[in-house]
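Each structure below appears as structure tokens.
Heads up, the next two complexes both have chain A, just with different partners, chain B and then chain C.
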Partner chain A sequence: MPITFENVTHIYQSSGPLAATGIKNVNLTINDGDFVAIIGQTGSGKSTLVQHMNALLKPTAGVIHIGERAITPDSKNKHLKKLRQKVGMVFQFPEAQLFEDTVLKDICFGPQNFGASVTQAQATAREMLDLVKLPADIAEQSPFDLSGGQMRRVAIAGVLAARPQVLILDEPTAGLDPQAHTELMELFANLNRQGTTIILISHQMEDVAQYCNRVLIMENAQLIRSTTPQMLFNDQDFIIQHNLQVPEATAFAQELVQQGFQFESLPITEPQLVQQLRRQLGGING
Partner chain B sequence: MGKLIIGRYLPGDSLIHHLDPRGKFVGTFLFVLIVFLANNWETYLLLTAFVLLAVKLSGISLKFFIKGIRPMIYLILFTVLLQMFFTPGGDPFWQWGIFSLSKLSILNGLFIFIRFLLIIFISTLLTVTTTPLQMSDAMEYLLKPLRIVHFPVDEVALMLSIALQFIPLLSDETTKIMNAQRARGVDFGEGSLINQIKAVVPILIPLFVSSFNIAYDLSVAMESRGYHGSEGRSKYRQLQWQAADTWMLVVFGLLAVCLIGLRSY
Partner chain C sequence: MDPIIELDQVSYTYENAAHPALQQVSLTVAAHQWVAIVGLNGSGKSTLAQILDGLLPIDTGTIKIGGQPLTTDNLWQMRQQIGMIFQNPDHQFVGATVEDDVAFGLENQGMPRDQMQQRVHWALEQVKMTAFAHKAPQTLSGGQKQRVAIAGVIALQPRIIIMDESTSMLDPTGREDILRIMQDLQQQLQITILSITHSMAEIVQADQIVILQAGQIIKTGTVEQIFSNLRNLTELGLQPPFTQQLQADLRAAGVPVTAQYHNKSRLIRELCQLRLKM
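So, the complex of A and B:
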């Protein structure tokens, strides 16, 4: 289900003295099966941008095509359920959305809203618990008795239970420990391999480099560039100019370059770095 | 919430923005009393001119105020119409059962309409030009005399300022939770009444839970920073009463005197 933005602008409280531009004149296309990262400073419009992708926000100007649906400023808020089933969204700190008395019921909430029967929904929910690596006996517990990390997983399971074709993640691993971080990112990568389009807002350049095939850069409510992580992290002028971070592997490679090393293109992940170094060092030795 | 502007703060740099919040509070309160002095065209004209001048001085466009009243207009009109039809006396030129219309009742309705507008304008002016923190400081100061009767003024002021500071935070949280539940397939404002009420549960419970969490975190943070209760604390934000504030109250006094004069006229 491809998503296309055509000259999309969103202004908050557009009439009145408190008007604030959320995004301005954005054009982009997200194809099926993409793993897209959206990066940019805090307040650059990333969250506003993604909330247009399942019609939580409507543009104040421009058109958004989500699959077959076209969302314009005049679109009515009706019949959006189908759309929202296909475009799932995990908000920042999603554990704040839990409300049912058991974990199982909370995960079932989404599918049941989208028309699944109770038995169907429960089967899906148990499957999802397994998918997010939570023990099955957690199902009958209250979500509020769980730890922060477990609550996060339950919330994510609740979104995945609707089996979205496009999954939007707004900093899904913020505040998690490194192990949980890796496990979740691997889960998303796996879903992506099975065909789910993934859109990830992140400040972690390592994740951008490791998992994404495209990266969109937002600045001051505008989309300033759409490229691949490889191209982005090799464009040092752009990185410096826009105050962006580079992955650790790239930073390390840059220091090596200052010591006289040469890279065809800067490695952006650890395996790439190791591979290139091995080739070069191997060349010296043998 | 959307369009209602009363209770919202708009940053600005006008004379009214810089007045002492205590003065503004007292002034607004006085004005509400003064409005009831008016009883004829001249007095209402004077009051209207006064309010328009105050709005002008705040540097906020009149259009903004009028827009802010729009959500309340039906309530006002309803009251005014009731007043018009049910005012007895005068010389009714139209009558149907208990309903009657006379010159007196129409005039009465109009006056009430103006009275409503003036009170709403002036109280909106207060909230629009005063930050919530200033407001709670002013309340704290004005409530001080109640200490004599062992009213916990400091605690109330603390609760008030915490409550005021958390309104925007909780309102953001509400929007966020609503959006999250929408993304999970909830339709707000659709379907039967029962369904609409049911749809509130997935917002209310998370909101209460996060309020509890915020309260817990905040109280721990306050204690670890040495808060032991309100006794014996000093104040960081000092309110400063200036000449302009005295003048403002004098103006209100003059207004009242003029009204009393015009009343008997």
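So, the complex of A and C:
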């Protein structure tokens, strides 16, 4: 289910004195199977952008194609359920949205809302618990007795239970320990390998470099560039000009360049850096 | 240096919980240190912060702050020595303007108005937020909000500041900004900082690292001591720092770098020497 933006603008409270531009004149295409990162400073329009991808927000101008559906400023708020089943959204700190008295019921809420029977929904919910690596016996516990990391997984399982074709993640690992972080990112990478399109808002350039095939850069409500992580992190002038960060491997390689090393293309992940240094300094199979 | 915090065999179990959140925790922190408290989600880090501030009553053991045992009688007095900065600055705003918010703690202490105004001004200056004194906290960015929260804490001139994942909701620029401010303040005001964090960038600049696992302190040490052995780090809630991971992987790939702990500039120097020998 590809997503296309054509000249999309969103102005908050457009008729009032407090009008504020959320996004301005955005054109983009997200293809099936993409793992796209959206980066940019706080307040640059990242969240506003993704909220258009499942019609939580409608554009003030322009048109968004989500699969077969076209969303325009005049679109009615009807018949959006099907769309929202296909495009799942995990907000920042999603554990704040847990509300049921057991984990199982909480995960079942989505599938039941989308028309599944109780039995079907429970079977799906148990499958999702396994998918997000939570123990099966957690199902009957209250979600509020779990640790922060576990609550996060329950919330994500709830979104995955609708089996979305596109999954939007707004800083899904903020505040998690490194192990939980890696496990969640691997879960998303696995879903992506199985065909789910992933759209990730992130401040962590290591993740952008390691997992994403494309990166969109937002600045002052505008999409200023759409490129690959490799191209982005090799464009030092652009990085500095727009106050962006590079992965540690790239920063390390840049320091080596200042000391006389040469790289054809700057590495963006640690394994790439190791490989290139092995070639230059001689190692096993060097 | 004299210890400012001493925990001896401290245990705490939440109501109805099957396992203690903290079990026989003993810890000594020298004054003016930056201590990083690390561990997996649920290992007891935040509980530790809360018992230090007397927000949770301990079951057994003793806590001393500045050599004085913490009791229910002196709790309020002891608490004045400790400031806390939490993860989400939105959760701790009370004032309608930045200035009012910073003044809140001082008003509670009954400080005379003139002195209070001076102190608020001073605190905002420390975090470079003087220009925002009359703004509503809600209109600020995440990093700016966290700076106001810090001003509110330092206005009370505590000897200890506990940061509970205070930078985890900020973007990278905001995070660096807050860390730099806290480092400056620590130097200038001679504060002791306990920081609960998952951020490797922050952990590697701490004086002491304390690792919690399932409610127990399983290791304490300097950055060099903790990261000289990279095995089992993820189970402890840590990541190998980039430099050490790179060094280990280069060795595994047959690049002849030494095994000894290196910081970034030392590793770069060694790689340059290797290159010249090629």
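By definition in this document, the second predicted complex is superposed on the first by the 282 of 286 C-alpha atoms of A that agree within 3 Å, B and C clash if a C-alpha of one lies under 4 Å from a C-alpha of the other, contacts with A are read in each partner's own complex, and residues count from 1 in each chain.
Criterion: contacts are C-beta pairs under 8 Å (C-beta built on N, C-alpha and C of every residue); 3 or more make two chains touch, one makes a residue touch a chain.
If you're wondering where the values come from, they're calculated on a predicted model, not measured in any experiment.
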- Answer with first, second, both or neither: which of chain B and chain C does A:P94 touch in the superposed model? first
- Classify the contacts of A:L83 with the two partner chains as first (chain B alone), second (chain C alone), both, or neither. neither
- Given the superposition on chain A, which partner contacts more residues in chain A: chain B or chain C? C
- Taking the superposition as given, does A:Q41 touch the first partner, chain B, the second, chain C, both, or neither? second
- So, does A:I71 touch the first partner chain B, the second partner chain C, both, or neither? neither
- Partner chain(s) touched by A:L216 [first = chain B, second = chain C, both, neither]: neither
- Query: Which holds for A:L256: it touches chain B only (first), chain C only (second), both, or neither?
  - Reply: second
- What is the contact status of A:E248 with respect to chain B (first) and chain C (second): first, second, both, or neither? second
- Item | Which of chain B and chain C A:E270 touches, first, second, both or neither | second
- Where on chain C is chain A touching in the complex? 39-42, 87, 141-143, 165, 168-174, 198, 200, 234-235, 237-239, 242-243, 245-246, 249-250, 253-256, 264, 268, 271-272, 274-275, 278
- Message: Quick check: in the complex, which residue numbers of chain A touch chain C?
- Response: 41-43, 147-150, 174-182, 203, 243, 245, 248-249, 252, 255-256, 259-261, 270-271, 273-275, 277-278, 280-286
- Note on the structure: Note: in the complex, chain B contacts chain A through residues 10, 60-61, 64, 67, 173, 176-177, 179-187, 190, 201-202, 205-206, 209-210
- Item | Touch list for chain A against partner chain B, complex | 16-18, 51, 54, 56, 78, 81, 84-85, 88-89, 91-92, 94, 96-99, 109-110, 113-114, 144, 158-159, 162
